[in-house]
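The following pair of complexes shares a single chain, chain A, combined with chain B in the former and chain C in the latter.
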Partner chain A sequence: MSREWTSKLLTRFAIAGAILGSAVVAGQAQETIRVGAPLPMTGPLAPEGAKQKKGYDLWAETANAKGGIKANGKTYKVEIVYFDYASNTPRAVQGAERMITEDKVNFLFAPFGSGASKAASSVSERYGIPTIAATASSAEVYDQGYKFLFGTLTPNETVTEPIANIVTSKNKDVKKVAILARNDLFPLAVAQQMEKSLKAKGMEIVAFERYAIGTMDHSAAVTQMRAARPDWVYATGYVNDLILIRKQMNELGLRPKVITMVAGPAYREFAEATGPLGENISSVAWWHPAVRYKGKDVFGTTEAFNKAWDAKYKGEADYAEASAAAAGAILQLGIEKADSIDPKKVRDALASLDVETFYGKVKFGPSGQITSLEPPVFQLRGGKTVVVWPEAVKQGELEFFK
Partner chain B sequence: MKRDWVILVCGAAAIGALGWSGDNYFIRLLTILCMYATLAQSWNFIGGFAGYPSFATAAFFGLGAYTSGVLQNQGLPILMCWGLAGLCAAVFAVLIGGAILHLRGHYFAIATLIIAEMLREIVNTTPNLTGGGMGLNLPILRISVDVQSRVFLLAMLVLAVVTTAAAILLQRSRLGFGLRCIQQNESAASILGVNAYQYKTAAFGMSAVFVGMAGAIYASWVNYIEPPDVFDILIAVKPLVMVLLGGIGTIFGPIIGAMVLLALEELVWRNFLTVHAAALGVIIILLVLFLPNGLFSLLKDLSAKRAKQ
Partner chain C sequence: MIYFQILANGLMLGALYACIAVGFSLVWGVLNVINILHGTFIVLGSYIAFFAFRFAGIHPFVSVFIAGFVLFLMGYAIQSAMINRVIAAPVLITLTLTFGIDLVLNNAMLVAFSADYRKINLPSPLPSFEVASIFLPGDRVAAMGLALLLTILLYFLLRATNVGRAIIAVRMDREAAALMGVDVKRVNAITFGIGALMAGATGALISVIYPISPLNSSAFLGKAFVVCVLGGLGSVPGALVGGLMLGVLESFGGFWFGPEHAVTLSFGLLLILLFARPGGLLGKRGYE
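Moving on, here comes the complex of A and B:
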């Protein structure tokens, strides 16, 4: 009895010792850069949150494995502080403030998507904490004159112009376009931009339908679009919306010459869920594993990044994952350039950055949004993505439905 | 009644003093507390006193937020926008109340549930005025972070105090008495000469005015609103849980409930990275199961026991 008690006591001491010990170790390793990352780890956006987390983790691991970040004559380890905001934007804003004031993070990664990034950036702007948004492409996010917000996705027109050019130049029979957009910041903004790009080319918009977030049945919209007999269907939304739309288009017999969907087909899940129905769907992504850049960042070349990704997660990264890793790599370049972790100096260094990375050329415009990327256009064939633009990384030609 | 006023003044002073000295995140938590205290107190007018389970809180909140947001973007001064948001929510509540307050029990609950959905769709389909699904920016106040956080705490605190003062006045008034009659037996109350329809409409309007203003202050505070955030069903459910937790139909029950629920939420959120929602759900179920009359009743029981001894 008493022996048991003694052993229990000993275990407790051991645990207490271990905790104390780790605290001492943590105390010694003071030179740490803490980056806050509010993410939707639960709730409807959880899959997107998981992608971002993979990108951040790979960056932190790679940066630490290569000896950390050097600035100010010191070497800093990277630590990412996560916070689950359960896909609820006000929570993300609250989390951002908590990370800045309590966890004392030096820098921040914005939450997922344009809306939440915009909301959270008002907090980091007030505190003057440089914030990098990996998944916010709409120009509206950056239109508030904020100085501390940077985005790694180019404005929406860079994903609408190229595909409008390719389709119109390759097939003169495509004249009538139907657009179906999710009523949400990014999907709606990109659809409106597409409408502009198409009108500029003299195309006719025969339908422009909006669907609410969380819509589970698109048959009414699809039937209306079918009545307008479009040559081209352009649908926007997130991966689950687009899978459903593709299936319902097939069931209801909407068969245009071109189907373009943003931003689902870039994800493996889309090709897996649609199977043969995914064939020939075209899309645009801000990044694709087939691009080739010689980066000066921690990952180096695009090939090296692909290899590192495959070693950790198996397979290829999609644009959202690569953009999250790039957000880290870019932050690191900014810190190294500033040679300081002072938020103001890092902010200025980021703003003046002009450098090639595994992700592409990185240069931010006056609003803080990246302006130097060339988002590739690609098409699904046999469950694989085939890049059809730009010329430098082209893997095949755009094909049309018969 | 005198004791109620004393508690109110002391409580408000305590929160004000705590906020003045705390850091910005703590101030944010206190601001959220005052906001939810306002919402819970407002729900208590219709749900507690009159016994009509309303889910319209989110609708009034969102309506206030958007009213103030749109008006501020037209260049109106901020305080005027907050006031107009409250007025707009109250008028809306009276109009809609006229249509649905003859429904009772579950029927009333369901009718109020769709009001927020309806408003959300209206906002979504008028992008030129409200920004639609792209959300709405509000002018950012160019004052320092520390001042800003205190200004918004003060605004929410004043609102919570005013709402609670209204509850104290209501409890002793003819209207409050009539509402309690309605809650116990509406038919009997009508026979006794209580104009149930008018009384319920007044309570519904009262439950909207402060919520609309809270929405307006919230919108100015976060600078950017979008329909899924301000018409969130949780904004309707949480005040209800808070009132149940604190003690239904009491003056300080809603505030105690708001404090306890938000403190639990914050604690659970800090300690469970991924299972927080489940953990919080279990705690709420346990509290409601074992304390059906709320925490306030526990305090009362204790003081009653002590009095006996």
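Moving on, here comes the complex of A and C:
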């Protein structure tokens, strides 16, 4: 290759680059709000990552279809910038930082779960970027005194108290409870919270077993629990664990009056995979498609959200999917209330929100975690979920195993 | 009485572990290939059983043979087309190759089947038997029976057929076997195919027990690894003994020390055994 030819080529590249560059600048001039979303799109948490992505995508699409977000006399289009952190928390933190410094995102959605959200929130706090966590419920995430982190799931006690109330008030014969918990941040925290809620009601905890992440057999735990003859089995973990636990309970003759599992029954695949064994399993979720709110957000009423969800994805959203969509809708409310995309102003607007959305009432406590939700209790019947609490949206009564 | 239940739990789990490990052990022992693909092969077998059941109503225990056959062809093809090219290279090279193929295959499954956990729900599942207040889950007992049968079949295949004797010859001394007129490349491909066959058959077998998802493959691979080291490489009885031992140990360990320590216990034992008997319980020295 001759030198002259090379320099010609370089010139052409330079020209092409300049044209492309100006096009990019022109694109930015259209006013876009960029929201960073580090998600586990591959690896063991891929199913959870996919749920969150569906929620964010629906929000962005809906917001743009309705003309974008209006603030400061301008109209902004929403663009979500994704980053796959491959289910690896340190990479989620790096991803969050890269999105803020290089991709120049205006706002951030936290990664999946309490652990990764807590880790990533230190980065967004440092840069002063308002961050909404859609799947972090543990109070430990929000107790760092951070100003820019907001969470759309209520603390764990709001998912343990209602079911403890219902079961104890409805059936006085339920006295002994066995708890089986996955030794993992959220499942263990919620199981320990349940233990507290039950003890406060004078229930006897006859077994509290923990199993390791990746356990392939629960026969030892189930056998031990059976020996303690519990009236109520409360198991925590994820879909995979809970399907196996339910099957082994049946095989090994553990037949209590109440079976409660968190957090799996809210997902469609749990009901499909357990089939008849899923019948009468009770559970709690932060949101359920049966709730009815008249939202002031971009989705409007819960019915309207369900319809939009069904049109795009066919079927109903579960709480994780709805929470992700709500995170977007809440961010939009915050921007509109602030009438600005300045991070500090949006942060203050979010902190002072007190508004009804399709997802429920939204008001954040001083720690940034939402305090206004009433997580519904439901039971699986015929492969469908039936809400048994709160009274306002109840679809049926809690039933006990014979 | 509860100890009999724990023992029964452990034996049933152990038979499944043996079945999970036997193909992996064969490939490692004969070809000196640490086949990272093994877990993915098992999951693929489960998916074959799942779809055969959903779309054609075929019972998963019948799919054992279909999945075994499909996976044999696949294993044979992978060995002849890819692994045979680097078979003489140090073990790290073949490990890296199977690791790479595993990434491709596993992610292809994630794309094709999604990561959702699925499960086969038989319209008339086998009931649990209760013998003297010991519960024996029907499908686990049946799976255990089939697992033992498969393992015994493999044992006789290796002892009593020409192909089997060729495999053992290659295992003992590759160069000498080649000098005796054994087509080593073909034997390699058949061996890898049989390893995959066992994985596929196991996958179909356990599709009635475990939820199915591509994410499970590493858990299966991990168990196979432990069983092999416990029992000794490349020997069918070794995999059987290693599997049963691991199952019983995890069962009692989980009972005595709590389920979260079951795995700690089995890996602790693995470490001790590696010091005391590096060849495994039934392993023979000098076979490598």
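We adopt the following convention: the second predicted complex is superposed on the first by the 373 of 402 C-alpha atoms of A that agree within 3 Å, B and C clash if a C-alpha of one lies under 4 Å from a C-alpha of the other, contacts with A are read in each partner's own complex, and residues count from 1 in each chain.
Here is the rule we go by: a contact is a pair of C-beta atoms (placed from the backbone, for glycine too) under 8 Å apart; a residue touches a chain by one contact, two chains touch by 3 or more.
Values in this document were obtained by computation on a predicted structure and should not be read as measured data.
With chain A as the common reference, the superposed partners chain B and chain C fit together side by side.
After overlaying the two complexes on the shared chain, residue contacts for A:228 are found with neither chain B nor chain C. After overlaying the two complexes on the shared chain, residue contacts for A:44 are found with chain C alone; chain B is out of touch.
Of the two partner chains, chain B and chain C are each touched by A:183. In the superposed model, A:127 makes contact with chain B only, not with chain C.
By the document's definition of touching, neither partner reaches A:206: not chain B, not chain C. In the superposed model, A:273 lies in contact with chain C only, and not with chain B.
Shared-chain residue A:166: touches no atom of chain B or chain C. With both structures placed on the common chain, the touch criterion links A:220 to chain C but leaves chain B unconnected.
When the two structures are aligned on the shared chain, A:244 is found in touch with chain C, with no touch to chain B. With the two structures overlaid on their shared chain A, chain B and chain C come no closer than 5 Å at the level of C-alpha atoms. Shared contact residues of chain A with chain B and chain C: 42, 183, 210, 212. The residues of chain A lying in touch with chain B in their complex are 41-42, 82, 84, 86, 88-90, 93-94, 97-98, 101-102, 115, 118-119, 122, 125-127, 138, 140, 143-144, 182-185, 188-189, 210, 212-213.
Every residue of chain A that touches chain C in the complex is listed here, in rising order: 42, 44, 46-47, 50, 183, 209-212, 214-221, 223-224, 227, 239-240, 243-244, 247-248, 250-253, 269-270, 272-276. On the side of chain B, the complex with chain A involves touching residues 23-25, 28, 32, 121, 124-125, 127, 132-135, 137, 140, 145, 148, 222-224, 226, 228-229, 232, 234, 273-274, 276-277.
Partner chain A is touched in their complex by these residues of chain C: 2, 5-6, 9, 12-13, 107, 110, 114-119, 121, 128, 130, 135, 137, 139-140, 209-211, 213, 215-216, 219, 222-223, 250-255, 258-264.
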